[in-house]
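Take a look at these structures.
Each of the two complexes below includes chain A, the first together with chain B, the second together with chain C.
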Partner chain A sequence: MAEPARIGIGARTPRVEDAALVRGKGCFLDDIHVPGALEAVFLRSPLAHGLIRKLDLAAARAHPGVRAVFAYDDLRARLTMDRIPLALPAAGIRFHVDPFVLAREEVCYAGEPIALVVADSRRVAEDAVALIDLEIEPLPAVADPVKGLEPGAPRARLDCPDNFVASNGIDYGDIDAAFAGAAHVVKERFRLDKGGGHSIEPRGVIARHDPLEGRLTVWDSTQMPHRTRGVLVTTLGLDEEQVRVIAPDVGGGFGPKAVFHPEELAIPAAALLLGQPVKWVEDRFESFTATIGERETDWDMEAAFDADGRLRGIRGRLRYDHGAATPYGVALPFNACTNLIGPYVLPAFKIAIELCLTNKTPAAPTRGAGRPQGTYVMERLLDAMAARIGLPRDEIRRRNFIAASQMPYAVPVKQRDGSLMTYDSGDYPECQRRALAAAGWSDFPARQAAALREGRYIGLGLTNYVEGTGRGPFESASIRVGPSGKVVVTTGATAQGQGVQTMLAQIVAGVLGLEPQAIQVIAGDTNASPMGLGAFASRQAVTAGNAVFQAATLVAEKAKAAASTLLEASPDDLELHDGAVRVKGVPGHQKTLTEIARSLAGAAGFALPAGMTPGLAAATDFLTTGLTYTNGCHLAEVEVDPETGGVKINRYVVVHDCGTMINPMMVEGQILGGVAHGIGMTLFEWMRYDDQAQLLTATFADYLLPTADVLPRLDIHHMISPTPLNPLGVKGAAESGTIGAPATIVSAIEDALSPFGVRIRDLPLTPARLRALVRERSAA
Partner chain B sequence: MADTRHVAFTVNGRPVEATVETRVHLADFLRHELLLTGTHVGCEHGVCGACTVLVDGASTRACLMLAVQADGRHVETIESVAAADGAAHPIQAALSRHHGLQCGYCTPGVVMTLVELDRERAGRALTEAEIRAALSGNLCRCTGYQGMVDAALELFGASADQSSV
Partner chain C sequence: MKAAPFVYHAPDTLAAVLDLMARLDNARPLAGGQSLMPMMNFRVATPDHLIDLGRVAGLAGIEVVGDRLRVGAMTTQRMLEKSALVREACPLLAEAIDHVGHQQTRNRGTLGGSLCHLDPGAELPVAAMALGAELIVVSARGTRVLAFADFPMGYLTTALEADEILTRVDLPIAGPREGWAFIEFNRRPADFAIVSVAVRLSLDDDGQVENISITVGGVRPTPLKLAEVEGLLTGQMPDAAIIARAAAVIAGLDCEGDDLYPPDYRRDLCETLTRRALTRAVERAKGRGHG
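What follows is the complex of A and B.
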């Protein structure tokens, strides 16, 4: 059955990506066969910390089929500098810790690349890796960010004076007065452990140097090809024209693929040194040990309230595990703290952020990028206070909400770009009201009591949150209608499954009156769009969406202006319909976009239509003005087995407001995936390390991703509070599901176990941990 | 020289004969020797299900089976699912309609799991719990599974036409 054509903003347009993907005809990195490509395998550090005392490559080099084996010095010969310059500017950083392309002398996490073997096949390269004679003198490892900051702690890196890599903080309002005058204070300590992105497609890189063109082409499973190009230009001493980076179909990003990893330089450098294409595809073990992740935070917090449950102030200390390097600056714990504030009036806030280097894989954004942790802390503090003073959990939130009439609402916290953190639109109390109604909040106590009589422990939890989305400073787009009639959109945005092509085609289709299938979107290729930033911080609908909208609007205006000459009609009497500009009310009196494009393409010696510039095309950059804030309210109903610690999620309601939705189906897809990730980090996913920072969970059998049989069906409702900050009124949606889920699930579990008086602080909450909490309370 | 063996089997109905290294797993053989790149590799330790193919009709982790073990058997991959004229199989169309995929990396494995499920159910209507159990061996990081569950429910659920799709 054919779908009816549905186009334009707000339509549930079917995705243009799907036709290839459902047939297995996508083109992911490992699907690219470059003739003559050699295959690469890395030797990685088996220890989390140590000094390389011996690295004998002779046997590996002599192995048949091996073309080269590189250690640090071998690749350094082709580089312009010792380290990979990744640091983003950051306040409070004490020392940048940029990674090396391969470990030089000291290894600082298990999985750090030490040597690179390039061979005729991957199997031969793997054989040769086993022939490398490596000796590492072990050094004490730092596995814990709290212990790592204690005086006398071993150093995670000998090239840094200590582990205290950065300090940061928020301090506004009169915090002392807030606590001095408080009727109630809750004090809590929370420990949230490390998770990860874990896209099902691992990372991978192919590099090919073409000596005829003098050009290096790099296919990279990345969220940010322009950043990759920038780093390669700097480190390889090439110019922008000589480096083309292409992100092919990318099998999921979730943050880790936004960060430049050493392999993305090692493979191109090897290709240049060998004069032959080189391909490397990460295996899952490498993905666990060498791909960045985050979330490990330790919070020591206090919240002061009035007698009626109104927040007076929050203060505390956050210690953050930054792993062994700072490949993305130090923004994550700051995100966590700003997001803690959420949709609530918080008159005073003082928090000290201490970032600790450890001997783990470096920390960098993972879906939510610090925010889920901050929201978790605020919502746990509110629940704790509600329990203390006997206030319903919805009521304590109601008393603290920012009212819709207060929008735009400025929080006295400066953002990365120097602007004040300002919530631009939304109605938080109404959002909660709708969510409570959808989840049956008011009837729940009766159901809960009835279940308890049957010996079943059910609970309902809720969470409100905001998410700053659409980080700038810009995104680029161009649209060209060629003389063939083909409409090509290029953008600096990149796709890892969000449906970027559909989203942008849909916007253009709406403006130009075309079918989305008629529009080709080229994303993720630095040659197609010389400028661009890519995918991070839930930004592409906001930034690329508006850039494309502006460009499409310009193309439509130009098409009308040209048609007005060609049709001898006033532009006011013209409209775009079905790929043509037509005179309103005069059937058949029209010029197709193809005809207009042809007349604007020019012919030797003939004039263009009066006053027109050549080409039916436009290129624009959309510049952001601050972040735009998505918000939402989640409710979850769970059933807990206190004997086993098992948790079953029976119901999950989301009321979500991301302003104007370009494609509600795809917004819901983002929410679904985001919530799944958040449920994972709450109940299943745990990068467990031993005290020497060895990862103990390096397979999908040990590190559990949520599966179809444990995830609930989501009931999603939308509110639409368009942002005034961009022409489309859109806000981002990619991370908000993850931000709201952990606190929601935990609130529900605490509610279910209220007969035991269990209080939950640490994540992830495995069955063993939950059962221990129940036993502790039962014993007490 | 690495140990090799001669093998003969069918892939998507076509006979394949090759000399393969005994250590090569079926997924690598399909992808890199036959260039059937629709079968994806996500973990190579049998958990993610991205590499799911059918061997003699039964869903199989192509990363856990050596190519030599396929000798004399019939292998079906994602490339065989759409009609010869390219038209999408009803499972493929339903996945798209219900937004059951995002990045599409897990999708070929999901499709093969559902193809097997459809054959096994032999016209019997399935519950959501049965569908979720069947899909629990396919990891997806993007979708939260709801779209693929809905796609399967549309085709195999109580309100669906009960002939196999």
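What follows is the complex of A and C.
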């Protein structure tokens, strides 16, 4: 590997995609102008629950410029089945709730699509939507996952027997003995909201059917184009060769774009029915009401400790708001519970998970995917216990850490694939030690006391966490060096701005001795890579990264073997450098990759180099053998104004371990973005619904994202514990920052308000909520 | 999220604007568009006619005439923010502007637009009320001068008639022993205020409060003058104890609120911010008197 520090793995290579993106030369979905394309708008349910009693489309159909208006039956005529088959296998699911392409009779959340207007322009289509005569008979709505599971609760869907859509849980160790023998027990109830992904670019779909080629091309702002193709093949009755799905430049995913939404079927179906291309770009109001996100979790928890603060067991009950359907299975709350365990020895754990259907937009993962909530619960329980027994917060964690010498460490929890959840590498106590040192933990009490004398309330909080990354089962990659000398990488991985092209180009560059800019990466096109899964679960560096590494290694070996013949040198004497295979120590005695590729391309009637197969290329799949666990320790310093409930984050330290880093700069970008999401979830973002499940926060004026001016500078430090589970030793980094942030900030706020003795449970922590807690304590 | 159909007018003269306003039904004047355009795109506002004031000469500008600072209604918030004249002559307005929106919205947003839109979280109406601004309002029928106190009629509703536009805002120039403060609380610096407080006061030779004006935003649909607090402080030596006592009457204030910021939270904020604003204004009055 030539000069790895400059071009290969570990280099802070500038991102190859940025030259286009920062100059406005990217090609996002709305930049694609297909000749003759019509524009579509959906009529969406204004009510969270009800029955469609009247849907008169005549006036809308007659409106000038309108080409078609579709209701459920109109689209169903082109489909092979009633519902969109999205069910994933899931333990404990009682019934799958697959969505309809458009509501058939019952509407189950405000924002559910009811009709589709296709017109010459979006504006005309919006005018026509206003002409649709819609009458809905209201039904009682389920807005709360706890109340929704009570006997006699109204049903969120009349097509389901009740709201109790799934139940699963974790149960290991002797939980009764753990509590029976405990010196201390803390009991807490947490109500946590998480919110959505809110990418800058909303969702969007363009579909064009080409009757000459007999092919449907769908441009989709998605994280998983291969899944889109799979669903379209099934529901439209086509074969794989007839459907090409392309994810163009995608302006952020964060989870919601990994889930197949009804619009992704409605638009292709409309294009097929009309014989004309159709384009739909989600507007921001639709992002709030129609795009999946995470919903509320309600935790009723108890933790048992020994007298010295060692955990004996945790038990409890998690009630989970799953919204109105199950488009992505029911794994989210299970993720939350497994991640609760974190980097600690937890001898016994029993939790019942109950998933409730509600009349809200369906729930599916957003960055962190349940894990921030689980980590929050564990860390709050640890802080509560530390306060109870008068132990410093760092010490109680130190007493419960899994030691580095215990790696690999198997937690007795079975995962989706049936294997035991196993932490593969890492040094959690050392990670905390470095974070405490970086944040000035030991000096802080003196600073805190000095601030208090000035009437300022500052606090320091900490959190440790792990994250299972690199979910399988596989990812695909191929590398081809054409006779032109161009190196093209194709992969099933997809890019949403996180730097996938750079990450993969950097790996190839390191192996082949090229500049990353010389390598073209084609991601997110089902024609370029017939197999693939895409972006979710902090997986692409692990899965696609290793697939590309394997393929690049095969190409390098083949190039050397071919050059060995062409140069009449032993392969052992050859090295790859600057786009050529050269004889070590003999300047100029070399064959460029272009020359080798030409010789392997073959010429009619002439022999290939001895023993070689045609083409300088390789294709591989990387199969995972288990999740690989990233870990980190976060510390935040805050200042709280107890009179207003205002919180300012003054300092934020992250010590992070995601194994080998392909590009530390991009890892730091992921950590920064992740922490920003976590800060949002803690202090700002809140999908608020009224008691009839009507969304109250459908604009960015009401749903607050953390802006640059409220974010602290991040002080990021790395540890490197390569995983033994893949050749590169890499772990995922995309969600990790989010997981640690909420518990860290809340711990810091409690510390700042320690003179008041405030205990914080629910998220988000708005200033009004915090002020109410201070008032409660002041009155007590 | 596209506006419903409307006719766009771009007149060059005030006379042409007033003629259109008099003739057309359901017409709205367009100033900076930072609130109206999103409302139209949401189809919350559906005017049939939009009359752009952007090409009319003479509606923007800042000048001192006598003891008044005259600000044209189409003066952008960014112009106010950057004006040394405003900082010197009307520092309360300058401090309020520092809390308004983002630079990008201040580049387009205008003083007149903010006063006429009258968002309950907006800073400029609160400052205008505390300053005792006078509004020059014109229509084809003639010109009238309105005290800002008589301008707000309710949520997003002003005393403007359908054919009238606001052309100018006249503000008092700060005196030598004057103190001021504009304080607000919000969750992100560029947001509308949850609660804001504007204070303007002057001290006499003995250091007692001579004139005082306190206006709060965010507790009612329109800015609210705190006459009782003003009365308690007038003629008093404004030390910390009396400021706290005066602000404490806010505990009995009838506040509006919502589930996110309930009435008792807004009342709490109002009391805290009023106390802080009074303290800052008194410090400044003393500093100016001595300096």
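To be clear about the criterion, the second predicted complex is superposed on the first by the 773 of 780 C-alpha atoms of A that agree within 3 Å, B and C clash if a C-alpha of one lies under 4 Å from a C-alpha of the other, contacts with A are read in each partner's own complex, and residues count from 1 in each chain.
The definition used in the following text is that a contact is a pair of C-beta atoms (placed from the backbone, for glycine too) under 8 Å apart; a residue touches a chain by one contact, two chains touch by 3 or more.
Computed from a predicted model, the values in this text were never measured in an experiment.
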Chain B versus chain C as contact partner of A:145, first or second or both or neither: neither
Chain B versus chain C as contact partner of A:644, first or second or both or neither: second
Partner chain(s) touched by A:669 [first = chain B, second = chain C, both, neither]: first
Partner chain in contact with A:771 - chain B first, chain C second, else both or neither: second
Partner chain(s) touched by A:21 [first = chain B, second = chain C, both, neither]: first
First, second, both or neither for A:470, with chain B first and chain C second: neither
Touched partner set for A:688, first chain B, second chain C, both or neither: second
Touched partner set for A:30, first chain B, second chain C, both or neither: first
Touching partner for A:714 - first (chain B), second (chain C), both, neither: first
Between chain B and chain C, more extensive residue contact with chain A: B
Footprint overlap on chain A, comparing chain B with chain C: 123, 283-284, 701, 706-707, 709-710
Contact footprint of chain A on chain B as seen in their complex: 2, 21, 23-24, 31, 35-45, 47-48, 50, 77-79, 81-82, 88, 92-93, 95-97, 99, 101-108, 111, 128-129, 131-133, 135-149
Chain B partner contacts - residues on chain A that touch it in the complex: 3, 14-15, 17-28, 30-31, 33, 123, 197-202, 249-252, 254, 283-284, 496-499, 665-666, 668-669, 672-673, 675-677, 699-701, 705-711, 713-714
Touch list for chain C against partner chain A, complex: 1-5, 42-43, 185, 187-192, 194, 259-262, 265, 268-269, 272-273
Residue ranges of chain A in contact with chain C within the complex: 122-123, 126-127, 130, 283-285, 643-646, 683-684, 688, 696, 701, 704, 706-707, 709-710, 766-768, 771-772, 775
